[in-house]
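Next up, some structures in structure tokens.
Both of the next two complexes hold chain A, though its partner changes from chain B to chain C.
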Partner chain A sequence: MAIAVRRETAAAPLKPLEGEEELLLTGSEAIAHALRLADVDIVAAYPIRPYDAVMQAVAAMIANGQMDCEYIVAEGEHSQFEIVKHASAVGARSFVGSSGVGWFYAFEAIAVTAGLRLPVVANVGNRALDDPGAFGVEHNDALAVRDLGWLMTWVETGQEAFDSAVIAYKVAEDPRVSLPCAVSTDGAFLTHSQHLVKIPPKRIVDQFLPAYNLGDRLFHPDNPITIAPQVDQDWLTEIRKQNDAAMRRAPEVIREAYREYHQLTGRQKEPFIEEYMTDDADYVFVGQGTIAMPGRVIVRRLREQGHKVGFARLKWFRPFPADEVVQRLSRFKGLGIIDRNYSFGSPNYGGVLFTEFRAAFYDSPRRPIMVDFIAGLGGREVTAENGLEMFQILQAGAAGDLDSNVHWIGVRE
Partner chain B sequence: MAIATPEPQQLVDLSSIKTVKQVPYTEYFVSGHRTCQGCESALVMRYIAKAAGPRTVVLGSTGCMYVANTSYYTTPWVVPWMHTQLGSAGSAALGAAAGLKVLMRKGKLADEPINVIAFCGDGGGADMGLSAISAALTHAEYRFLIVLYDNESYANTDIQLSGSTPYGAVTTFSPSGKKRRLMHKRWKKNTPGALVAGHPDAAYIATADAAYGVDFMNKVRKGLASGGPSFIHVLDPCPKGWHYDPQYSHEMGKLAVETGVWSLWEMENHEVRLNGTTKQIAAGRFSRKPVREYLSKQGRFAHFAEEDYEYFQKRVDEQWSSWLIPGVVSFRLEAGTPLNL
Partner chain C sequence: MAVTTAASWSVEVVYRGIFQKRLANRISRGVVLGARKDGKVGTAFARYGDSPERNGIPSKNFAVVATDEVELEASLAKYEPENVDVSIVVDDTMCKGIESWAWYGIQPINKLVVPGGALVVTSDKEPDALLEHIKVKPYPYTLVVVPSPVHAGVFAPEGSASFAGLWVDNDDNTDFNCVAAVAKFAPQILTLESVLDIVRERTNESARVAAVQATYEQIKMRAVLPGEGSTVEYEEYTKPGWTQMREGIIVEAMKVGTRNPIYKKWSTRTRRPLVNFDTCIKCTQCWLQCPDECFEVTPEGTYEVVYEACIGCSVCAEVCPVPDCITMVNELSFENNDNLYPQYASDPDAYRELLTRHGIPLHPELIEKAKKTQPVHHQPAAVAGGED
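== the complex of A and B ==
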């Protein structure tokens, strides 16, 4: 079977767009540039590391006259998310964000923002959930909202952080979707590390991103509607089903958005899965976010030793691209899922990604061996040595020699 | 012949209402709700909508005035209404006001005055949402009004005590049983006093009472006309939670003021002014009625023994004799403090 090569890294260098700038930016600063070009109307900030770097960058841009935006410092994350929810309801393009337990402090507001179908965009600077205290990345913060109706994407580089923030508004505000979107950036590894980022001229973003228009759901005296009345058992099922329909429409809207963005900028060809050295691979590691970087190093090391190994990075988690995951990843012998999160007491006592992957493959006639690796928790580095260990376990799994399909990597006993 | 349509600006009338005869006829909170008989909070909603007029958006926190008011398909709100979370009246008002302001500044929305009003109950405002209200009142550049309707319990969820429930009142979380009075012994939190004392940038802060409708409507208008963040704490007698016959709601509201348990005042231009009967009491033109007259008419105090009445009376007397501003600021300056400023 001929498998198309899907590798953005292999693409020919693009001709720069007229008016494009290339800047050395952290992931957080890259998002701030996206907000500037998207002409975001209101931002609500509250400090928690590491996501707050984006709010510092936005504050500096507003103070320097680079963007016109209300900047409200809330007194807690719950208010922070409620402020943008209501601003979004009156028609303002809104941005918010948090990390770790801060994201949890806002949980009520996060739930209703999705319930109300308000297309707020949030940056989650992924961080471990204290206690015990930890600043580093773990994905359990963002993943906790996976059942609420938020669109959720994970990005790897500063460039992708910029691109995804722009695309997030396009998808979230599309009337076929109208759901909030969380753009996850791994704490420290992306929020605070610098990358060369191409910033397109404003005309490109203007061409791509239409004005935010809530239509007949706008909260304004000219449109006397009652929003979120008490519906009880009479209507809740129908309204949940409408939100479900919106989420089901999202994959196609995401595909369209990436197609259009790719045409305009030459970037972001692949919406859902980015593959690396998978063409002839027997085994493929799978992960989200910045784990892809050590993941590629691991792949190259293993290839030096003659192993046919690749890496696949999942870019969107909600909607979960189950069809594409199965279609593209079922051809391998084994999948090593790297979970930078953990789900206590879950069906396999494994990570969230692993559980989702197993569910996605249940109806597939071809089901690769799947082994889960719990790795990199709290921002711990995932090393090449860890990669060799994971590969040995994955091979043993394929040979049927494993007692358990979930393995914690690098645990000091 | 063309019919003249009023400009939006002309629809915002925040002028003072002198007598009940000047109250606008048009209602913006109408039938379609299912609040209890004698519900003063529903009346407060009607007053708010009437006073504010059609160029208004209302954000309602979870509570009676959400659950009993806005059943799907039967909303009583003629103006746009949106549910907000229990502790979010402050952030809802702030977010909506800021959103409207930026859209108007950037030319994305027609520039016109729009009243932003958020309301919450005592659970949502005096307990859970206090920090959000406090934060909102520091944002002097936005114009909005927060109304806390205080029926002195979590009345929507079965009458549980809140930080605003008076001393000794029976609620489902503070029953007076056969063996023990699981009575809460906290004195009612002075929420408006705390807010007025702690928020120098608030444009307008007032208390009100559902029994004094014209006073309340004027306060709504003053809050909206103040040009900044404003807050009104209104006491709403609740037949279900206070255990009295619904026909006496107004009498109960009046007694709260006449006994000095509740005070009417407003802070405008950094000055506190006592209003109505409260002012009369302070001026010595009206003698406070004994608190027993107010308490004994409510089933929630039916278990009160003589010493409970005495204690309650003593504490209310202190509100008048020992507070820096009677009924407003719940502390006093140390005697002999030099103030040669």
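== the complex of A and C ==
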């Protein structure tokens, strides 16, 4: 059976942009190119795999004279994230990143960066948390900051890593938002795998991305301000409410940014959800990051067997696009949420995405059957056989034949 | 009167950190434990937002006493009562008002006292003398003055503001006497017998019990009528909403060379430095060493104190190399925070008289030498421009 295999959002511009290059890059190198073209002023670095691929790529660009920025190697992640927080406050476009427990070591700085509304952009090379030591991807590292006021996006390809890093600055630095942004890239599958990536000419990025401007929040002797004084219970509710309002304004700013970026490059049409073969689907799998690659393979295998299955990739996790998720995904019979993470003791003992999806659908008049699949932990591959198993479970769920709505896939008994 | 008919009563203790932290804790606990002997229940707590580890900073402790657990519950899980039946002030210099958080400016010392309530002050001054500094209220209340345990001046340096000022843990019965003052004003909260029981249990000394009972007799109660007291204006404040506040947790800072018009630190002060401008040798030590950058340059190149910014730490008096050129004196001798150099400039003799009145030797033999010294700073550019 011939199935039209087409990535709905992969449509290229009618003709290549003048001055555009196509390079074979890892996701990490693609981000480094984005930093170069975004004129990032300061990069603070501290090595941990897989994030360190970015810092190596940036260091090489600086050494080769391709990039001009302050490059500070900190003595640990806590200092690393403090450096960019302060740099951001004095008007420097800043980049930082980490992975796994390295990200956790920076947690205090991560929390205050969001509290201070400083639009630092960070790359989280997703990696399983220690212990045991493991390099493979799980999403629990980045997800730990989900309540703090960080914008959070997951990307799938090298191309999207480049695009998202540029867009991240646009959204984070927008005065309506002014929040830090974490761009998550799956360890190994994206951070260390090379894809063909189109790098636009600098004029395109310049046109898209205005200069970083904190306005009257700039920390400078000519603009005497005190940042982050001690406060008491009379003040914190209002300060938290300001963060809440900024996050509530973010979805519209994200939509605008994608619209503009799409006009300039022909890429990134969909800001929040990328659907694949969902038009006539009864069942749809949902996931974040590189899980979409085996996800689409699974969809095609199942379609070959005559099942109406699709895949939906969630691109932004914070702000969580609940309205769009419900509007676009409530039409299906069943959703199979693939969680490359765990949330021990959570409702249903499911993963984070599952819990968020269920919350998003609570008020919807149409609620598809939802089954959670804990899969791909520690970087384990998700195979076509796993896909068949997940589909059978999802069907059983739709038939009311399941005694649990959370299933660990591929776990050895 | 509200205090008699209530089923629960709130008491606050206003003290100076860090010196009086233990004293305040003992008083608020004493109120609860004393009332417990009278069959009541209660809770005692420190104001969570205070940082009483800073020298002299006005801070608060609270005690709430109720007839039963149900009545008490309405006072639990609170940071502080909205108003109090009795406010106990353990340093009389705080009668001029206090600011323990920068946001709200200086506030009256009797701000929380309810109609018919009491303001208890430890002081060897007469109630009327204290009342000159205490903000007027539109309703009647009682000013209760607890005298020093033995006699004035014993527990603090000569000329200091308060016998309790800079109290560390003299174990001089001030804690028991303050609890006894509550009993004297409002026996319905706790009785003198309960206070004396506590003294007996805690110290096992009959002399202590007798001393507290004797002080109880000397506690003065002065009915304050509406409109009696100081009419000094206090700052008003309103809490802005989240749409009015600056984003990014930002507040205005001062431009170099300017002083904060809102946050004035003087209520931390029990004593203030007086400068003898005649003998100042312009050596810059006070200007340099003051932790709060309180000193400004006068036209002669000597240094004057900006009293609104001075916390009374006495570092200037300690570093000044000229005998009696900077001397710490009782804060309650002064009505306001006006700089004193203009007084010296317009009427030097009257100013010298002020120094003499505070027992400060004028050292006329040092004046000639002082006059010959050259100014280091010139008004006002040196201060406004900064040094680096």
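Everything that follows uses one rule, which is that the second predicted complex is superposed on the first by the 401 of 413 C-alpha atoms of A that agree within 3 Å, B and C clash if a C-alpha of one lies under 4 Å from a C-alpha of the other, contacts with A are read in each partner's own complex, and residues count from 1 in each chain.
As a convention for this text, a contact is a pair of C-beta atoms (placed from the backbone, for glycine too) under 8 Å apart; a residue touches a chain by one contact, two chains touch by 3 or more.
Since we're looking at a predicted model, the values are computed, not measured.
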Q) Based on the superposition on chain A, does the combination of chain B and chain C result in a clash or a fit? A) clash
**Q.** Touched partner set for A:242, first chain B, second chain C, both or neither
**A.** second
Q. More residues of chain A are touched by which chain, chain B or chain C?
A. B
Q. Taking the superposition as given, does A:227 touch the first partner, chain B, the second, chain C, both, or neither?
A. both
Q. So, does A:372 touch the first partner chain B, the second partner chain C, both, or neither?
A. neither
Q: Name the contact category of A:29: first (chain B only), second (chain C only), both, or neither.
A: neither
Q. Between chain B (first) and chain C (second), which does A:44 come into contact with in this model arrangement: first, second, both, or neither?
A. first
Q: For A:70, select first, second, both or neither according to whether it touches chain B, chain C, the two together, or no partner.
A: first
Q: Tell me which partner A:356 touches in the superposition: chain B (first), chain C (second), both or neither.
A: neither
Q: Would you tell me the residues on chain A in contact with chain B in one complex that are also in contact with chain C in the other?
A: 221, 224-229, 231-232, 234-235
Q.
Please output the residues of chain A touching chain C within their complex, sorted ascending.
A. 115-118, 178, 217, 221, 224-229, 231-235, 237-239, 241-242, 245-246
(Q) Can you tell me which positions in chain C touch chain A when the two form their complex? (A) 49, 79, 101-103, 239-242, 245-256
Q) How about chain A: which of its residues touch chain B in the complex? A) 39, 41-42, 44, 68-70, 72, 74-76, 78-80, 82-92, 94, 108-109, 112, 211, 219-221, 223-232, 234-235
Q. Given the complex with chain A, which residues does chain B contribute to the contact?
A. 8, 54-57, 59, 66-67, 70-73, 75, 77-85, 87-88, 90-92, 94-96, 98-103, 105-106, 108-109, 114, 131-132, 134-135, 139
